[in-house]
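Pasting in a structure now, in structure tokens, and then I'll have a few things to ask.
The first chain written gets the first letter, and so on, giving A, B and C; residue counts start at 1 in each chain.
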Amino acid sequence: MHELRKHIALEIHEVPTGTAVFDWIIPREWNIRDAYIKNARGERVVDFEKSNLHVMSYSVPVRQRISLGELKDHLYTLPGQPDLIPYRTSYYREGWAFCMAHRQFEDLRDETYDVLIDSSLTEGYLTYGEYLHKGETQDEFLFSAHICHPSLANDNCSGVALLTYLAERMAGLETRYSYRFLFAPGTIGAITWLARNENNSQRIKHGLVVSMVGDPGGPTYKRSRRGNAMIDRAIGHVLQHSGLQPVVLDFFPYGYDERQYCSPGFDLPVGLFQRSRFGEIPQYHTSADNLDFIRPEHLIESYRLIAQTLDVIENDAIYVNLLPKCEPQLGRRGLYGAVGGDKDAAAANMAMLWILNLADGAHSLLDIAQRAELPFEVIRKAAEQLRESGLLSASRVER
Amino acid sequence: MHELRKHIALEIHEVPTGTAVFDWIIPREWNIRDAYIKNARGERVVDFEKSNLHVMSYSVPVRQRISLGELKDHLYTLPGQPDLIPYRTSYYREGWAFCMAHRQFEDLRDETYDVLIDSSLTEGYLTYGEYLHKGETQDEFLFSAHICHPSLANDNCSGVALLTYLAERMAGLETRYSYRFLFAPGTIGAITWLARNENNSQRIKHGLVVSMVGDPGGPTYKRSRRGNAMIDRAIGHVLQHSGLQPVVLDFFPYGYDERQYCSPGFDLPVGLFQRSRFGEIPQYHTSADNLDFIRPEHLIESYRLIAQTLDVIENDAIYVNLLPKCEPQLGRRGLYGAVGGDKDAAAANMAMLWILNLADGAHSLLDIAQRAELPFEVIRKAAEQLRESGLLSASRVER
Amino acid sequence: MHELRKHIALEIHEVPTGTAVFDWIIPREWNIRDAYIKNARGERVVDFEKSNLHVMSYSVPVRQRISLGELKDHLYTLPGQPDLIPYRTSYYREGWAFCMAHRQFEDLRDETYDVLIDSSLTEGYLTYGEYLHKGETQDEFLFSAHICHPSLANDNCSGVALLTYLAERMAGLETRYSYRFLFAPGTIGAITWLARNENNSQRIKHGLVVSMVGDPGGPTYKRSRRGNAMIDRAIGHVLQHSGLQPVVLDFFPYGYDERQYCSPGFDLPVGLFQRSRFGEIPQYHTSADNLDFIRPEHLIESYRLIAQTLDVIENDAIYVNLLPKCEPQLGRRGLYGAVGGDKDAAAANMAMLWILNLADGAHSLLDIAQRAELPFEVIRKAAEQLRESGLLSASRVER
């Protein structure tokens, strides 16, 4: 949070332990200072200082001397990926555990170990950050990133970074929508925000959960529960014209915080944007999800795809052809190549012809772009030219 | 019929010759005692005693000495399947004929033959049997099997046997729907039943014509005329998850008694369940459709598929999520694995998550099963657990 | 026009230069007597007498002595098709140009040339021809062919010829619809007609632009803007059962006069019928589009497809099954093979069974043909038999 506040005027919210948020209760706050497993010679064979993944998140404090057999009941490893430390949490069941590489686990001798987890579970706060870019209207676009995974680079330091950068770049720009950026722990954070903003949640006209946006995979988009919300159509269009091999999935009730936004009592038009699909790459929830795994070029491409999506959302509108009977004479207005019969002359004019043909009050620019199989940008620019020539209504009309 | 009455309390109906049933008239009753073709040496070269397929059904009586040339006008064979006796009928055009193996036909010498068909066409009755299993409501599920094919095992002794067994097993069970089992001659039998039950036919909410259910082919389902009736969706779902290679066909106006149930004046939601498609196997309507052709394991599988379909029809309902805002905390209720981050943990919980997400009053359990691509049984059981935990409405709601 | 009047009573319309038609103005009338390019030796290296494609249509008069360098700014060639003369026009931008084979162009010496275009652009008329075949109703079928391409055989002498022949054959026939045949210059001609017939244009219930119907390609059909108008369905059905490899395209706002008929202010149900797609064959808009390129057999096939489409349009109607409860007894009426059980007996009766099953007041004959996957002709004839037997309503009912 403090890092983010260097870039954007993040508002920090703290919600006390014990607060009811719908069916949930804000749990005690977990903090940890140190943790280790020492062998009989006093050597730290597992050391929290070296990687904070070594301790299962939300582990209760422990200070004990135990046998290897007992210790094993509190160890997580990945036998199939023996060099990686798994990432494990246990928010809602009391317990403690260490996570370690399987190769190291196999080297443990049958001796007595000293284990320490110097953690505390105390009355405290759930903390989330919020930043609002105000637009022309109170209608909102919600961006949401989870911040609860320690040390994982792609999941989700990448999402936090991308949204911070986006919010920073947006400052000073005039936009049609207001943009809300939410940085909160997964699940309980989104639930808490929804519980505290229930009345205002219907202002959210579009939204994206952003996670895992720095790896080389994807891009992947998971539709909102509605399936054909504007966000679904806009990002689907952008991905279709991206030149990449996007994967677009229908909503399913497992994943990130879209689960909460898309619960039936809210049913908000919020999708999930990722590169690789969560759970489908070997680095997922392991120590291999580190800074070597993510790359600037992938973050930039993710940023670009989201920015293009916002371009669609901001600019889509219905304009009407003011001369709808027969085609207007484009040539006279300098909008058309005047020499007929050329085999190639047509291509450049197709965007205008499509707009004039479909701008009947029933089709938005995105509708037209989809029908014409042209990028939104091309249609948007042609529509500007037509508006300047007086052939298209100057302002948006309601559907 | 008498055989069936050993198993179920079949009600026998007799409708007199001459009775008008819609556009049809109950024909005279046909009975046959003996029939043969004797050669010049008095040997029975074709003998009704050996197979009742040898005489075209509804043949008028005949006793004649005729030449081979004349005889040939009254013989049916299958040149492409020279060892099989075809099955032929002529209900509505007066005539007589014998059916025989083509190989035997080719051996007939050019001599004089004595032919006898000791049949009678007299004022009598059309006979059909009916059995009603009463359920909680008067809404009915209609099962219909034709009983008019002599000696054909798959078409349709198999269907009669399966339905008798089903009716017998259902006795004593409490069901939501009432189940009507109809055993009647093809076409005229269904028409007669509809003519005599026209007012009550609208009680039929679902139905299946059952025929050819003992062979190794299929399974095949032909949709009702409506195409997306509950029976079409339910059996389609069961077949999709059967692990078999089912064929599902749109309705077409040729086949079995679904033709009558699905005539436009009734348009009842009745489909046709078979294994092989009628007319598409070499045994169809020949002496090869015998007890060697059908097998218990195929009958059992057919029974199981129908029983699973009834499970869907009986149990499909709309329940509503009582905590629709954000996900309820399943872990607290023992409904969810509490250790997050495990790559496999999710799978087992998907059914519950799908139900909670879609139980918004607009989706039934079958809708949810289809959307989740999970078997109905899995969704039904998960819904029970959720109801017991108080997360889902205890009783059905109307759509 | 004069050639056409030998066949049909074409009504000629002349609209004066300067007349406003929607966003356009009737331009001056262009006439040309002679044109050439003479080399230094006085030889006509390009001669209008040899091909009227040599002069860009609507070229302003010119008489000049110029260098090769200057001349090149006024020459069109096709480097990729060096033996062909391109066809070029410039209706709305003043200028002049010659069109020539690229091979000949490459032989031009660097010397001085005399160029002459003895054309005139004067106050005159736009001329179009119209022929109306009156049917039972004032509802119209519009046929439209452009007449503006000099010397191009397929594009569109072929379309003009086909429509003239069709109009001639239709004379004396009683039809349900009135048929309007329009022969006019491309774009401005259709716009002029629409401007002068705006109120009556809504009489047009179906229509086809006909062009390029003599070559061996296609057939191609481009749907009307509505996409599922009766004309789209009828011709789609005919093409589907044609045994050819038709291409059916959704509407797009480039092409022939369907652009005007399908502009949003009119949105008439008018499609485009062609063989090859315009612009997709090497002969398109070149001197290779000559009488060698088109063939009688292709013209005949095009004619046949259009005639079959009119058969659908003229005869499609809703009739209702007068005995909708169960199937009527076809055998008694001589409409059905009476010997059951024959594997092949059914096929011939399928058309009748489909009609009886679907003639419920909601399905027209074309609907039934499509559902039954049978040619319209087969369904139409079966419906006649059923009407004669009293099973189907004698007259059409409204949907």
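For this structure, a couple of remarks:
We take it that a contact is a pair of C-beta atoms (placed from the backbone, for glycine too) under 8 Å apart; a residue touches a chain by one contact, two chains touch by 3 or more.
Worth saying up front: this structure is predicted, and the values here are computed from it rather than measured.
At the interface between chain A and chain B, two copies of one sequence, fewer than half of the residue numbers in use appear on both sides, so the contact is built from largely different positions. Rounded to a multiple of 5, the C-alpha superposition of chain B onto chain C involves a rotation of 120 degrees.
With centres defined as mean CA coordinates, chain B is found 53 Å away from chain A. Within chain C, not a single residue touches two or more of the remaining chains. For chain C in complex with chain A, the residues that touch the partner chain are 21-24, 86-93, 187, 190-191, 194-195, 198, 225, 252-254, 259-260, 262-267, 279, 284-285.
The part of chain B that touches chain A in the complex is made up of residues 321, 323-329, 331-332, 338-343, 346, 349-350, 353-354, 356-360, 372.
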